[in-house]
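Going in written order, the chains are labelled A, B, C and D, and every chain counts its residues from 1.
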Amino acid sequence: MNLVEAGRALAAESARFAALGWMRGTSGNLSVTLGRDPLRLAVTASGLDKGTLTETDVVEVDFHGDPVSGSLPPSAEAALHARIARVARAGAVVHLHQLAPVIAAERNPGGIVLRDLEMLKGFGRAAHDDEVRVPVVPNSQDMRVLGDAFEAGFDPATPALVVARHGVYVWGADLEQARHRAECLEWLLRFVNSVQGTDTPGGFA
Amino acid sequence: MNLVEAGRALAAESARFAALGWMRGTSGNLSVTLGRDPLRLAVTASGLDKGTLTETDVVEVDFHGDPVSGSLPPSAEAALHARIARVARAGAVVHLHQLAPVIAAERNPGGIVLRDLEMLKGFGRAAHDDEVRVPVVPNSQDMRVLGDAFEAGFDPATPALVVARHGVYVWGADLEQARHRAECLEWLLRFVNSVQGTDTPGGFA
Amino acid sequence: MNLVEAGRALAAESARFAALGWMRGTSGNLSVTLGRDPLRLAVTASGLDKGTLTETDVVEVDFHGDPVSGSLPPSAEAALHARIARVARAGAVVHLHQLAPVIAAERNPGGIVLRDLEMLKGFGRAAHDDEVRVPVVPNSQDMRVLGDAFEAGFDPATPALVVARHGVYVWGADLEQARHRAECLEWLLRFVNSVQGTDTPGGFA
Amino acid sequence: MNLVEAGRALAAESARFAALGWMRGTSGNLSVTLGRDPLRLAVTASGLDKGTLTETDVVEVDFHGDPVSGSLPPSAEAALHARIARVARAGAVVHLHQLAPVIAAERNPGGIVLRDLEMLKGFGRAAHDDEVRVPVVPNSQDMRVLGDAFEAGFDPATPALVVARHGVYVWGADLEQARHRAECLEWLLRFVNSVQGTDTPGGFA
């Protein structure tokens, strides 16, 4: 996939996520891996409305999340995309500001445990007897700090990272798989929030 | 209805359910009964995004849910579709991953009781003095186990089965009736969840 | 407005309400008053998907809700539409299966009190110092029973009736005003439900 | 930007907000600043469905919110738009009837405190160590009273005002920035409502 194809795919996916309310304001960013040696990602440009991106609103970045060419600034979170792409060998990473993961993380700061739920299959895990712990890390503006926390808790079997009071990163072999997993995780976390009663302070007692 | 017509109808219905958020990831599957002697169903193919199916993303299966022809794999749950089509004499079965039934089942593992609600008419029952118990069965990856549990609790008057921690099956004479019933049941279960306070741990006390 | 124009307007409004999830299955029905002497209403036909009505899916009914001409059956609730049109001198009546009014009625069976909320202006009332009691009546399949209950609690200043465990009737001078009022009432009742905590059993204690 | 361009932009933004359910009935209104010396605003006309405005459904108003020309009545709240435009030097003000701010204000009548949430960046603040207090003022039909309350609590760093039991005003340099901030604030307040359990009476204890 070249940068133009990547830009087109990222714009289409961004519009889809924006319509779901998962990229409010100019929040969130998506990337696809263009190459591995050296590592190159196409990342959505920073500060734009995610509902109206075009194929040129994309930046090619390197291992550090620094722009390789072009004049647009990449997303500030490009470095974490690059690190996830490298460590998890992801072909695509979506960073969304869904509400459900942030609410779930508030109640489960040590990680959100999911188990025995069919929707886990859509997240890449088993529907039975497979305890999934979605890691939660504290928010930071320092992508190295976030990346270290991600790597410290990285489990190759769990394609997601929740950043507390911030949002979620989900990855997969390609953008479609990353989206499917993000959709399934969101469903799972709404279920968890409902059952845990995270919506009520009584629920915290 | 031949397989092409069925494929077209299944693709249209799938896109509709996907837009409602009831087929997240690649979850859920739909079927229509093509013939009864021998039993033949058209089932959506496995592993595809349900928002973008085409008329060819369909598989003809037999009594056991095994493909009769073609190269696409049918949904893993095709065997349960076939069993429901046979036992309930359904013309169409929709299997959806709506959140409300799964939340309701979590609280009501022995079955979800509905009574004296107008929306029950859209589910094929009476609005008054007619106690409806929507059966809940434990989740399983073995379609025979699920099918036996379905059949054990089968009441011809109740066109739905909730699979705990999984989703819901709803059926009818055709796809439109199955959809209408699925819509009405979802409404009813959101009502039940709200009144039962399933969203709060206090509600479980 | 003649029957064809009415049919066109009713189809458009129905599609709009269906897209909002307020006419699940084939539930709900809409009417406009065609004439007053004698009373004539155009009512949506019974049993159809409200998202795909056409201008001919409409029935002209009289004072009793009985069809004046044509072969389509009117909605079973046409008689209540006619009674509301007569008593409240409404130009349009919308009967919707919104969830919020049914939840609110469950908690407030004697009527839902609203006061000091700006959105009351969109419902035809004042934003301050104006106590609004939206009447709640028990559900019935007998339109005369429902109509008597409606009339017993009728206040010309309150253009809505909630039928417990069923849905809501809202009316106005024309379809647009009825819709605006239905939208505002739904907002108000979601607010009330949230503040009253109707979603929790603790809330009933 | 001239009045026609402003009308076009206001109509497009209104349709967008209406589709999100944030301008139910004919509620809410939007404005852009046309000039500062003297102050001139383009404000959406009063009493219209916000989903179907055209470029001519706009009124030019002065410092007092009084129409400068044309025959359409401006929104009754035009005077508050003008005051916000003047005091906050806003290029655009959006007044929405989102549910989340009204619920949050009910629980936090002295102001809604937000802190250490990434989404605050989309609201124009910092994601860390920056306590944001979104002011809440009592509702009034007197725009001078509302304006005085706004000005008394005005903090140039906080581009929003919640009017209790009414709705929210959000502003920015232009309509897009105002929208982005309104989207982010809504997200933040849904989070706050969820964590505070405003949806439950237990939450008020």
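Criterion: a contact is a pair of C-beta atoms (placed from the backbone, for glycine too) under 8 Å apart; a residue touches a chain by one contact, two chains touch by 3 or more.
Computed from a predicted structure; not experimentally measured.
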Set of chains whose contacts include both subunit D and subunit B: A, C
Rigid-body rotation angle, subunit D and subunit C, from Cα fit (steps of 5°): 90
Maximum centroid distance from subunit A, chain identifier (CA atoms): C
Copies subunit B and subunit C touch via same or different residues, half shared test: different
Between subunit A and subunit B, centroid-to-centroid distance (C-alpha), Å: 31
Subunit A and subunit C: spacing of chain centres that average the CA atoms, whole Å: 43
Interface hub residues of subunit C, defined as touching at least two other chains: 199-200, 202-203
Partner subunit B, residues of subunit A touching it in the complex: 116-119, 122-123, 127-128, 176, 180-181, 183-184, 186-187, 190-191, 194-197, 199-200, 202-203
List of subunit D residues in touch with subunit C within their complex: 24-27, 49, 97, 99, 102-103, 106, 139, 141, 163, 165-167, 193, 198-203
